[in-house]
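Next up, some structures in structure tokens.
Two complexes, one shared chain (subunit A), two partners (subunit B, subunit C).
Here is the complex of A and B:
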């Protein structure tokens, strides 16, 4: 049987080589289709990873720890007390968790009102540990004037540019933050603008104020506590395992500390990534369907042309199954060779882009925000073995699907009729 | 030219190998369908973004005092400190043929308290009678009723209601810095709760009757911050803004008219980018299709090399052979276009009239600040349809060039004497 298969394979390869021009043309469609697939998947993954990384750095981290109920109510009634934070620190130092953690930030987040003599604007007050936050968040790097908070700061604030404009203030001016403290009283705090940022996300630039955590704790009478701990991991793939491990380590405090991943904490970002991915796959499904149609057509034509040939080989003793197998092999060899070349071309192009990325600036006139994250118009590809496996899978499926019908046709050839052909 | 017999010959040649023709037209029709449907989805996405981005609250057109933006100071009301004749100005904006409605607004920032807690909120004074014709936010009310004009009532977002444990009928205390330098505060009744799906609005916005807010922040009735207007086709808004800028400003007060393209430039930017992506899509799909068509034409003409040799031997010029093959390609693309239209039209119409619920795929998200609901309606991409049709013809003709050239160079004597 294996001898027979080898013989059929040789026949198939020879047939492909005799029809050089046709094979090349058919193969080219496959090369373009697969090359595009490999390249655009790595670009999409790179883009998404960058997007997620920006989103989680701006927001609540790959994984965030907070009191159950805080996500819904966002008041200080749902906060992590001193001993909860201590347990969280222990958990982050645990040997099963620590290697995956790239950084974390302890924050106290609260809605409040920022007012100056000129206006009063609702804001999100984020109280941070300046040194940790500087390493964690993207915001300190978006500085346009002044400086970011430092550890010794007391009554200082880091404010969005648009917010500053609306309050009609400058660096060094004072503003009043008003919020509800832990006892339910309205408390005001005077702070001085230390620095100004511009992130490009309107919501953030209009409504985020960073102040030192120590200041907020005194002002809101919540000594030692915080509302959330945002954790940064190596990449988004590490989220699942890390979440499970953290849940296990913190299991005895499950009623006090909830573990949320970025998909739960930032559903809009997750939705945007899913939507973008979906559009990408639809596009590939369509191009590959067109490629498959072209291949069916070519193989089918070559089968119908060779009616006489198949008649002869059948008369010489090949079975219907052999004839079908031969055609099947022709299709598979053609698609896999061209598919592999396509994957190679795609990888080559991707490799070229690793250093400098692909610059889409020509498409953007302005910064573009999606799901609260500003797109970086220069996209760097990201390679993962699963992309190759997917592509190989596609090559195989296209090969099988587009050879099936021609192979079936070839088995239907009647020997006597075929000999009369031509 | 149209009476040339080559059209009929081309048509018949297509009929000679129906299966081959079916696969080739299938490929082209699929390409056409894919490009047009994706173009339609893209248009739908843009329309959803702009529709929600401008329609929920902003309006497509806004009139402010020229000093109001970007600080949004409480004091910079239209017409300066003296105010203006609000009714006349609102009517003047609505008088433009493209403007379907306009409404006055007052803005302030303040604290909203219930017995349970306090949150900071943007307070917007609206006219409950006129607002629904301009924006959709009042139609998202999912509990209670709208506030009555002039009454001390307000409606708040779903998220704020949850944080403050508000239900319709509850009492709320509003505190806001007022225009006379004092702190305005008063007791209000929560008339209802709205749910736009946009987190920042649902969490941080309270709407109250314009008169009630003016009382709270000590502004007389003649002083408003904004007139928002609805322009049915958002893309007409810049034109309307340019037209209104003159007369309104000229009549009595110094005002600034801006279209959404000015105050939401990121949306224009996204729309421009999306059009670029459409073009890339078009090119990629048809480049791939070229290979398929070229291959088929090459085989079809190779089969007929005896026929071409005979024609050449009988005195047909190579140019005529080229034209005949190209004619066949044109007929092929016409058939493909008809097939493409037949499969595309129902998809487009269905997706436009009954957009499927895509919430299995993604929840609500935002794009350039506009809400994207998980129900995506396809808009008819008229320009894209024309472009795709042209691309389809070009593809077929380009793909036929090489086969046509080869057919015209068949050596008659060798071919006819056999092999």
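Here is the complex of A and C:
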């Protein structure tokens, strides 16, 4: 660092220290602003991650593999054949992919009709490998009566509570599932209700039926096939790299096996997360703008009170650029010190919330659902190093932006006029 | 009378310099057609009543404000054509300033204030410290290096300000009422000091003042009236710093301390 810059920095630091009360008050605004930013970002990250985790467990996984066109048409014409599924199983065992995979579920999904003697209701039939699904999906844990499917089950079904009520059935009752088979023929299958779930998501509770995959394959004449393989990863941040690796490993089957991430597979959930994230950032932007204005005010007042001093330094040979740099440094030092303290405070608050989370139960009289996912009213923070980097970036940007105008004012001072300033 | 004739070796030269201020739609001619030539090593006082244009002329010479018309040369360089950056550089390298209110930077120590210009010029620390310590010792303020201005008396502050002005060995020191805020004893001491520095280092001093004590010590007295030069006289200085005395200086008309 040059002697000149060291002098400007010394002037900046000492001027901040001289105006103790003003600096502390402004610094506090920054501490509170950055503290809130870090904490609320951690909570938002935690909330979103939980939201996505629930969504992918209830739905298509972080990444889903399916035949191209299935997402739009959802018929058995677009399914993964036996050799495609074998290739997928090998890909999931590939050394570049396997470490990231926490689990997967093979499914056959199609639209159908569930009917009883009393009613007929359109449903999504999801044929699953029961043991694998139990580890993957949250739905088995939402059991309210009976039991979830087991490997030995044949003509059994796991249905939503509201669907059961609409069909006026009970656990142990029989219902008929009707769907179009692989040949395009309408096929019906009689199954017995093994268990009932209540997810809290009306669409799911009214319209989802789980049956064993082996049963569906025989019923619909699609032996060895499935419509999707849902893959669970450690978290949503692993989606990008895992998707790219899977695409690379399955490149030779790209025309038969499409790799979709959860954003493509569940656009409604993605849109909901983005909307919530956007609202968060608007809140942060308003908070930080208020903090920046407080800093602008402090530095500008400081500049205006020191008009004579700036006149003197200019008379002594300091250039306009030096004067501007000095004021910019004051802003940057003030925001950096208070910003770092704010980040520390934010991390401290986040750390306190790691154990018990933040309980919003008092806000919700009943379960709150959005985009097919039920909110957990207790939100746990999630911390990433990138949050620190973002926060440091904000500190720098606020420091620069809030000092620009005061620095400009300081450089515009007319020396001779400034010398008359009392 | 000193005129504008002379070579470019003059410390200061002005040619038909005017400064017109506009205040609430009314034009005020603060400096009117001043022609001056001040040679290197001169000890010059600009005298005159309040509003006579002393400070404005000093500011024009120091490049702190630009003339409405006319030209100003300092150390052979014409100021009016210079950019702000060039003017700042000229002030840094060629001109020292002493102000009535000392104007030390309150957040810097006496030593840091004194070395301010040298630091901006990029002199190394050893050289800066050597010069400041030598000057402080000579000025009787050794030991005050680490004190901030708030912990110094008025006289001590003005000594530090003078040290700041001369320590970089400028061609010219411009001093605006340098003795106005100190008592008579301190004032005499400061004048002695500046006269010594002028004599021994050859630095040109130009003062704007009401102080008759300072006028008595001037070797040239330029009287300003209504922004124009009314008289420009070479004088025999009076006082202990010069080892000379004379009754005429004490009787200088139109100027007395505290007249402002």
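Quick notes on this structure:
Following the convention adopted for this analysis, the second predicted complex is superposed on the first by the 418 of 422 C-alpha atoms of A that agree within 3 Å, B and C clash if a C-alpha of one lies under 4 Å from a C-alpha of the other, contacts with A are read in each partner's own complex, and residues count from 1 in each chain.
Heads up, the rule we're going with is that a contact is a pair of C-beta atoms (placed from the backbone, for glycine too) under 8 Å apart; a residue touches a chain by one contact, two chains touch by 3 or more.
These numbers were taken from a predicted model, which means no experiment stands behind them.
Annotation: superposed three-chain arrangement on subunit A; subunit B versus subunit C shows no clash, the two fitting side by side.
Within the superposed three-chain model, A:4 lies in touch with subunit C and out of touch with subunit B [touch as defined at top]. By the document's definition of touching, neither partner reaches A:248: not subunit B, not subunit C. Of the two partner chains, subunit C is the only one touched by A:416; subunit B is not.
Of the two partner chains, neither subunit B nor subunit C is touched by A:135. Superposition on the shared chain A places subunit B and subunit C such that, viewed from the Cα centre of subunit A, they span 90 degrees in steps of 10. Taking subunit A as the reference chain, the count of touched residues is higher for B when subunit B and subunit C are set side by side.
In the superposition on chain A, A:309 makes contact with subunit C only, while subunit B stays out of contact range. By the touch criterion defined above, A:174 reaches neither subunit B nor subunit C.
For the pair subunit B and subunit C, the model built by superposing on chain A gives 12 Å as the shortest CA-CA distance.
For subunit A in complex with subunit B, the touching residues are 21-22, 25-26, 28-29, 32-33, 36, 72-75, 111-113, 115, 118-123, 162, 165-168, 178-180, 184, 186, 202-203, 207, 267-272, 274-275, 278-279, 282-283, 286-287, 289-291, 293-294, 296-298, 300-301, 304-305, 362-372. Contact residues on subunit C toward subunit A in their complex (touch as defined above): 56, 59, 62, 64-65, 84-85, 88-89, 91-93, 95, 97, 99, 103, 105-108, 112, 116-117, 119-122, 125, 164. Those residues of subunit B whose C-beta lies close enough to touch subunit A in the complex are 17, 19-20, 23-24, 26-27, 30-31, 34, 38, 41, 70-74, 108-111, 113, 117-122, 162-163, 176-177, 199-200, 203-204, 265-266, 268-270, 272-273, 276-277, 281, 284-285, 287-289, 291-292, 294-296, 298-299, 303, 361-369, 372, 374. Interface residues of subunit A facing subunit C in the complex, by the touch rule stated above, are 2-4, 7, 10-11, 14-15, 17-18, 308-309, 312-322, 414-416, 419.
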